[in-house]
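Order of writing sets the labels: A, B, C and D. Residues in every chain begin at 1.
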Amino acid sequence: MLNVVLGWLGTVLISIGVFFLFLGALGIFRLPDLFNRLQAGTKATTLGVVSTSIGVGLLVKGWLPFSVALAVFLLMTNPISSHAVARASYRAGVKPYHGTSPDECAKRNLDFSGEGEEK
Amino acid sequence: MIIYVATIVVIVIIITSLIAVFSKKLLSSIISMGLVSLGVSGLFFFLQAPDVAITEAAIGAGLSTAIFVIALKKVKKGETKDEE
Amino acid sequence: MKNDTPKVFKSIFALFVVAIFMIGLFYAFVSMPKGWGVNVNNRVSRLYILKNVRTATRLLDSGKFFAKGMKPLRAEVPYKPIKFKKTANLEDGAANVVTSIVVDYRGFDTLGEVTVLFLAASGVMMLLFGKRVKPKRKKTEPSLIMYVGTRIAFAVIFLFGIYIFVHGHLTPGGGFPGGAVIASGILGLFLGRNGYTPNHAGLKVFESLSGIAFVIIGLIGLFSVKSFLANFLPTGIIGNLYSAGFISLIYIAIGMKVGSELAAVVDSMIGDTKEEWS
Amino acid sequence: MRIEIPTILWAIWFIVISTATILATLRAVIGPTNSDRVVGLDTWTTITTGFWVILALFFFQFVLLSVAMVYAILSFLGVLVIARYLERGL
């Protein structure tokens, strides 16, 4: 009984994950500018891959610890890389989409160099 | 079923390797080369050779891309003009 | 930037994240889940590969080998189906046949590969050798998120690299990918903070000691079994962690050597140097 | 495995993920700026990591999960290197 419940739960989780991976790719293809694409390509795909790996862990006996480790690693590193890409491209001079308002970064004139670094 | 997926991976590899050869910007060539490496490692994965897949992903996609980017930085050290 | 969170919470969070990984990976160390034993019959070679040249020549001379194909050679070793974690090792091999061939039957070749990698690394270091200078243009500092994130990720990546090369005889992987993963973790440390320098003396000592250890293991085989890089440890049961004789020892040596070499390559490429001879 | 997954579900998963991979590849190819290409690379690798996890279930080998882990680690570092290059901090 428990096996069947866990198995179907895992299948549903994998289906949700696959759907969100597809949504992330669609967003990356369709959205107008870089920052919107970055948002679609990080949030949706992170949810998708985490859900997929946990579902696979539920489906097979004994795979859960490794797949949870994989999920935690992806949950930890995907936002970092996306943050790095966003910051780098803003500094490199990529302009946001004209519908984006207001541009808080330009308004506050943020100094990007060494926030919070101890010297 | 798997053979169709492998076909799609091969098509991706061909497209990205063509981009890597014919692109004008060096950075996009490097990115395409990383994609080629990842795709080739996936192809090894399909062919039941996970040893080679791990080595290809570690050397080709990770360190090789990084070292190429660092070398690009070293070559363009004197320039200040933005390449975009 | 306003910093409200106490430092203790950050440390506890980092400890929590690393602890989850430790538990997961160590669970994988001690227990072999279900999918491991599936293809072992295909991944372990059934035939005893003749390491003794004299026996092989006698078989070839007697004509049995050519007369009935491979059959007489096959008949010398009785066929037994291999069961995971139950069968004793018939040969020097491991559960992963690729590792068994690369390190055991073809170990001298691996020594050559390590030498080639060493030569390439010394070539890069010789090319970029010079005095460390401050860079001319101002470099952008990475943000706090990248600094903390790469430092947490470094622990995980280092642990996973060690997992790869310690488990080289059971799972795909081995010394070279493990070393590359460790070097990538050190590359992450370089990216997290400007002006990061690793301990050069430590890297040198690690690299030389692991290279020496490889040769010493080979010499022990030469003096005890009369063949360079021959297995001198009991082979155990297929699938256990302590199973495949000296393969895991050699893979630990190769992993440390490759990791420290590639880290030194990355270090010498990322730093700004000034040529001394010009 | 605990239950048998019907074949039609495998087919749907594979088709949807292949389409997603192709879309991400197109963004990596046609992206107007280099930053767009990096975003395409990032998404491509994340999608493919999920794909390898599903394939590990399909072939039913635990060892293939560690390939997915290596994939995740290396793609993270590759994206980080290119981002640091773009903001002139390397």
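Methods note: a contact is a pair of C-beta atoms (placed from the backbone, for glycine too) under 8 Å apart; a residue touches a chain by one contact, two chains touch by 3 or more.
Please read all numbers here as calculations on a predicted model, not as lab measurements.
Enquirer: Give the label of the chain whose average Cα location is farthest from that of subunit A.
Expert: Following the centroid criterion, the farthest chain would be C.
Enquirer: Across the interfaces A-C and A-D, which one involves more C-beta pairs in contact?
Expert: By number of C-beta pairs in contact, A-D is the larger.
Enquirer: Hey, how far is the Cα centre of subunit A from the one of subunit C, in Å?
Expert: The mean C-alpha positions of subunit A and subunit C differ by 31 Å.
Enquirer: Just how far, in Å, is the C-alpha centre of subunit D from the one of subunit B?
Expert: 13
Enquirer: Compute the distance, rounded to whole Å, between the mean C-alpha positions of subunit A and subunit B.
Expert: Those two chain centres are 22 Å apart.
Enquirer: Spell out, as numbers or ranges, the residues of subunit D touching 2 or more other chains.
Expert: 21, 33-34, 38, 60-63, 66-67, 69-70, 73-74, 76-77, 80-81, 84, 87-90 - these are the residues of subunit D that touch more than one other chain.
Enquirer: I need the residues of subunit C touching at least two other chains; which ones are they?
Expert: Expected reply: 33-35, 137, 140-142, 146, 150, 153, 164, 172-173, 177, 181, 184, 187, 270.
Enquirer: Among the residues of subunit A, which ones contact at least 2 other chains?
Expert: Answer for subunit A, listing residues that touch two or more other chains: 60-63, 66, 69, 73, 77, 80, 84, 87, 91-92, 94.
Enquirer: Where on subunit D is subunit A touching in the complex?
Expert: 1-3, 5, 9, 12-13, 16-17, 19-21, 23-24, 26-27, 33-36, 38-40, 42-43, 46-47, 49-50, 53-54, 56-57, 60, 62, 65-66, 68-69, 72-73, 76, 79-80, 83-84, 86-89
Enquirer: Using the touch definition from the top, list the residues of subunit D that touch subunit C in their complex.
Expert: By the definition above, subunit D touches subunit C via 60-63, 66-67, 69-70, 73-74, 76-77, 80-81, 84, 87-90.
Enquirer: Which part of subunit A faces subunit D closely enough to touch in the complex?
Expert: 3-4, 6-8, 10-11, 14-15, 17-19, 21-22, 24-26, 28-29, 34, 37-38, 41-42, 45-46, 48-49, 52-53, 56, 59-63, 66-67, 69-70, 73-74, 77-78, 80-82, 84-85, 87-89, 91-92, 94
Enquirer: In the complex formed with subunit C, which residues of subunit A make contact?
Expert: 60-63, 65-66, 68-69, 72-73, 76-77, 80, 83-84, 87, 91, 112-117
Enquirer: For subunit C, which residues count as touching subunit D in their complex?
Expert: Within the complex, subunit C contacts subunit D at residues 33-36, 38-39, 137, 139-142, 146, 150, 153, 157, 160, 163-164, 171-173, 177, 181, 184, 187-188, 191, 194, 270.
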